[in-house]
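Chain nomenclature is as follows: A, B and C, assigned in order of appearance, with residue numbering initiated at 1 for each chain independently.
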């Protein structure tokens, strides 16, 4: 569904099912954009209209998509959905049909419900591309790809790597997309590390090894990916206290020594200092967190350019 | 007041008082813009600054005005009025004077009070054009013109047509503007169809025929315009229940058969499915609702270009 | 800290400590931009990304910064901070680090805490310029400079002038920046005129004369600068009633006669009519309030162009 008949990327909804070749193409394309100075804007999306549909707030993701669109010379309209017709009782389908009738070329969708971006892609006219900027607990594919770009920049090949994802796997769309991306790119070993209550049942089928003990999980890692712990989780029965979580699963300088000495530390942000990660690690020499943010714009430019390549007549590579 | 000394459109506040020739010119101009692909942006408003003043929320109208301005190469500033100085107790007049001092060229005004756009046009400097994007129960002239464009696309001439407007005429700025446009364009017959409580007293003087019976009103229509029913109306004494309203005035497939077999069905959106219109009609072959949305951008481009033509030195036709 | 090694303006955080020559350069530069019609956009910031960080609402200031950036051909991203990651508990420092990683070139900062812009300037990467758009009770340097531009336009030289600032000096970042600018530009006499409760202790050390009596203070002034009275002040013990304030410190036509006959009346807006100033004065022939608004865009263009001049390779004058 994400691919056009010629195999080109049409929508970008999930990593699942995409070929290693296509993922590599996204990474290569992003590298090209990284080398372009912002002074030299790319004209790739000139005359195209990008609509930001953020049903859920996100400063970071919305801003990087907006910057990416600007640097590709697109026109951008950001809809404040909370004030929109949907609050007048209009269905999502009607909203999408109406926005589609406004001659736009791309929807960037962030939604609290899993599957929203797929639903929209299924129901919008064929000339429109849909990019998933995070849907419920399901997927956040551009986040995963910017993480892959970061890993490739520091570690080159994925095959020899041991990568651990640590934290609230159960509720994390980021983790799900990262796992798909890492396994597609043939990463040597992918581990998920969390208390039992935060690991989805049957996750082994995604090709990962499960660790409930942080120390064991960290052993010999090349890449340590921390997830943000939603503080809401504490209130439910899933977790004891913030303090206890940190004592068991917080990434400290001490614990980080269990990983390889040149391991990199990643986090999708925003960071909860002292909850899932110690400030000395977040700001330390192994942290590549801000590099991830920087890569986010290039990845989004790449995906935007590639999904529009059928329309712009531009070759995707 | 809307016309400059040379007869050119200066502001666009209401349909009332405009000549048939001018309305036709707007429609012709919009058709030209429809044929221009978004790739080929028009430079008509390059260097002009358009300010969106939405005192009342409207995703659809705001977005189409924003897209129209972008496609004419204007700079756009959207003011979030709820957070603005007016909330610090500044008067509308002071707000307008201040914004006028910022070298802008056009105000797009949406306001809950009837007459707000006129008031602003009266008090802003002579080089600024004001476009009414809906004021209270008074007027919504760009909506009416996009409806006229849609009718003309499907039915060519207005003279032989029977057009019915159905629903809450009393509170509808859309209906008021549609009636002015239809009568100015010499439509054969204009009907308003609604319960007595939703029809303004003396509306016959606007040149329309009043029907309280839906079936009688639909008979032989070429164009069926449904209005959105504000659910708030139910709470007052004006209407019984939603269900009863639908049973008496809802547009069903059955009822639509009373109109001409090639009648088109219009609605300004957002649609209340099952309240004023059945989903099968809204999504059916006679519905041109999404065509209306699409025409909205072209109409807004036309009106923007025409009201600025004195400044841009461009001929309006 | 505001100056680069070559003496060029790098950040614009406060007037304090800047040389008269640099202030004159800002004014001259703004005059150049005033003479450029908006049709002829300046390409000075083409390819630069400006981020609006408004932690506190301000329609007027935000809009003029946005217009200034557009007219310099910059890309602009406005962050709705209230919906941002900071509401997820992220620290200001983390927010700034993250935004800095997005390849932006300038932050425009409005913040309720004194010193916020300095803090950000201190912690962001060296290629980014920070402009203070108002921080707590501390400073509002672009407002002060647009006021200086207005004074210079009407009065040419600062040396012979008597300038009075009237109202809530204690809480006013505008007053603080105006005093620094006026004394730096060697204004003949600067007076602050207010009830004792609204004058900061030791303000004489800033080089101003203090008056508690309005009539005495107004005597022979060339420039009368009224400040906005925050109505909140009335609720505390600082002030009696609005009515009493107006009777003692409101600027009436009568009182204005005590100043020079060609004195100009200024106000940073939004005006509280009937609280600190009578409508007949605010709208009268001596009022230059709207001229101030108009100058605001040119001043902001000047400061943006000058702080970026190191990067754009353009000479600052």
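Everything that follows uses one rule, which is that contacts are C-beta pairs under 8 Å (C-beta built on N, C-alpha and C of every residue); 3 or more make two chains touch, one makes a residue touch a chain.
These numbers come from a predicted model, not from an experiment.
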Q: Sort the chain contact graph into one of these: line, ring, star, complete or other.
A: complete
Q) Rounded to the nearest 5 degrees, what angle rotates chain A onto chain B on CA? A) 120
Q: Provide the C-alpha centroid distance between chain A and chain C, rounded to the nearest whole angstrom.
A: 41
**Q.** Contacts with 2+ other chains: residues of chain A
**A.** none
Q.
With touch defined as at the start, can you tell me which chain C residues reach chain A in the complex?
A. 46-49, 75, 77, 79-81, 83-85, 88-91, 94-95, 97-105
Q | Residues of chain A defined as touching chain C within the complex | A | 37-41, 57, 59-60, 63-64, 66-67, 70-71, 231, 269-273, 290-291, 293-294, 296-297
